[in-house]
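Same chain, two partners: chain A is paired with chain B first, then with chain C.
For the complex of A and B:
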């Protein structure tokens, strides 16, 4: 078990080292997310609708779109210079590769969200400080589900000729439960409700996380082959 | 090899006759036998196409799920063919659901579309399997394509209950199911309507199996042609 954990950690460390060297992924994800928010602010009239009602939707769309950029890079980067070949030749379990990639995608997204939330707070003029704990829980759950399914589909689509197009087409319809659930939960939290009142949504998102992490572990062997 | 090709050449006339008779019976029941509904009028008859199509779409996607699991387990081309054929038929019937629904909704609800739970989940389902077929179209034939498609076939079906609940809690206006109710089977409708619906569902199910057998035959023929082509290519 210890060996398995260190293998997963090694893959995460590798991704972070690559990112510190190239510095192309994180900045582009963050700038893209801010741009998505900006475009939404132009397209909705904030003097008519309440920021609490449209804000969560805009925040999550920005996260999902920027996350797709990151996921697209995640395995394409491995394909360059035969990096994935090397990973698969290494004597590690395929699920360790999956967990490593998933957790590094999750970490990148969470760091980006940490920078994005203050921007969101300023642009939409909403108060996040008083309910940061439930908000953090929702963001963690939602992003976990997104990275789990996203990493699986990214490993699959990176082998296609039209990978940048196919990833969102495959990913977004499957992400509907996370998208609706997270937006709903975030909206309710901004309205000052507690998570205990919305346990059905919490349960749904947790189910999504568990189902797709286990489905990925079971099917990743078939994708990372050859 | 000649035995196998003989087998693929014989069309299922029995099934074809059965499905044809079923469709004729369903048409008779829908347009002649069943009386016009009192409040909704003649437009209600579209329900006898809408509900069976929805049933076939879900059934077809369930077959995709089963065949995808069997493919990843056994790695036999046969299961890949079944999954592919079933997904195509499922998309056809799912599109029929999405077309017949608004045709009924316009006169009854006054709008083509509302963001109701069942409408939304059917649309999302349609998008998932369109993506599935696009993935098949984008990758080279072979075991890699079959594996990728199988993964999407499994993941897509596992997502259906989650999508269902998420859009259900989001909002819903769809008429409650009339046939399968909490009081038991067939208590919500008039008896003649239930019979007609059952005949239509039966006919559509036969049609599904007929289309499946034709599509599977077509795919096997393609394989056979590929095999012959390769044989000729390397024999020179």
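For the complex of A and C:
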């Protein structure tokens, strides 16, 4: 178990060191997310529409679109110079590769979201007040499912020539339940409701998080083979 | 050539029986049989598409055979036992190295993956062995092909494997880099490692090996001990073998 954990940690550390040196992933994800928000801001008349009604949708669309950039890069990096083969040669459980990549994707997304949230609050003139904690919990739950499914599909699409196109085509339809749940929860939190009033949506997101992680563990062996 | 059933016999480093591999309708391997004793060096020649890389992928448990059996270091390749993975190292024309990391970061990463304690110390040790210690903090992206190949050796031996698979290691190297690589392979062979090398370079392939094989269209068409092969006449023998087997 110790070896398993150290292998997972080594993959995360390797991804962080690579990102620290190249600064490719975070900057492109963040700039893209801000641009998505700007486009929406210019196309929505906030004096007519309430920010709490459209803001959550815009926030999650920005997260999903920008996150897809990072997920696309995730396994492409492993394919350069045949690095994934090098990993597969080592006595490492395939699920450790999945968890390492998933957790580093999750961390990158959460860091990007930590910078994006203040931008969102400024653009939509949103006051979070005492709703910080439930909003962060929703973002964490939504991003967990997104990174789990995204990592799995990224490993699948990385073998394809059209991977940049295939990942969103595969990812977005499957993300619908988590995306809808996250948008609804974010909206209700901004309206001042407590998480206890929204347990159905919380349950739905958690269920899909578990389904995506379990399905990934069950299938990653076959996806990474040949 | 082969006269006994496969078993996890520690006397044989590699034992291959009737290995076949299909990719759809294409038959990449059409029944390969051979044995390699511990410490032996096999040079495997063959034209492009003969199945050499496929054979190495199967023996290193990166691909599954369609039929047949193979044991490597006594382990069935179909089971891809983690212990078997600890016994093998692979050097290919792809370096398996992260271009934006330094040699130290790359080799330390692989050392951790193999569960080596003091991964950093071991990484420095093998980087020093291949003569890249002065550049161990530079990005791998800035390395020449020859330096990459030397670093690939460090990656492949970081866990001290007893068996090495070398898939066309001389590809893209200039004369000087080839000479350095040859010296390092010589040192690895002297350490009693079993080595299976595929190559198109006759002189490099013949100068170190104990056994010579030629693979044509997914089958071993020639299997000789190195002493029985005349290096001067090998090119003709190779071409005749390829032509003969190509017609079958």
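The rule is short, and it goes like this: the second predicted complex is superposed on the first by the 225 of 226 C-alpha atoms of A that agree within 3 Å, B and C clash if a C-alpha of one lies under 4 Å from a C-alpha of the other, contacts with A are read in each partner's own complex, and residues count from 1 in each chain.
In the analysis below, a residue touches a chain if its C-beta (ideal position, glycine included) is under 8 Å from a C-beta of that chain, and two chains touch if they have at least 3 such contacts.
Only a predicted model underlies this, so the values are computations on that prediction, with no experimental measurement involved.
Taking the superposition on A as described, I'd like to know which of chain B and chain C A:174 touches: first, second, both or neither.
Only chain B is touched by A:174; chain C is not.
Examine A:222 and indicate which partner it touches, taking first as chain B and second as chain C; both and neither are also allowed.
A:222: touches chain B, not chain C.
Where does A:81 make contact in the superposed view: on chain B (first), on chain C (second), on both, or on neither?
The answer is second: A:81 touches chain C but not chain B.
Looking at A:159, would you say it contacts chain B, chain C, both, or neither? Reply first, second, both or neither.
It touches chain B, and chain C stays clear.
Considering only touches as defined above, state whether A:92 meets chain B (first), chain C (second), both or neither.
second
Could you look at A:139 and tell me whether it touches chain B, chain C, both or neither (first, second, both, neither)?
Touch status of A:139: no partner.
Given the touch rule stated above, what does A:109 touch, chain B (first), chain C (second), both, or neither?
It touches nothing on chain B or chain C.
With both complexes overlaid on chain A, does A:207 touch chain B (first), chain C (second), both or neither?
first
Find the residues of chain A that appear in the contact set with chain B and again in the contact set with chain C.
225-226
Inside the complex, what are the residues of chain A that reach chain B?
149, 152, 156, 159-162, 166, 169-170, 172-174, 176-177, 180-181, 184, 200-201, 204, 207-208, 211-212, 215, 219, 222-223, 225-226
Could you pull out which chain C residues touch chain A in their complex?
60-64, 82-83, 85-86, 88, 90, 92, 94-101, 105, 109-110, 112-115, 139, 155
Note which residues of chain A are touching chain C in the complex, please.
3, 6-7, 10, 13-14, 17-18, 21-22, 77, 80-83, 85-92, 225-226
For a test of understanding, state which residues of chain B touch chain A in their complex under the given definition.
Touching chain A from chain B are residues 72, 124, 127-128, 131, 134-135, 138-139, 144, 147-148, 150-152, 154-156, 158-159, 162-163, 165-167, 169-170.
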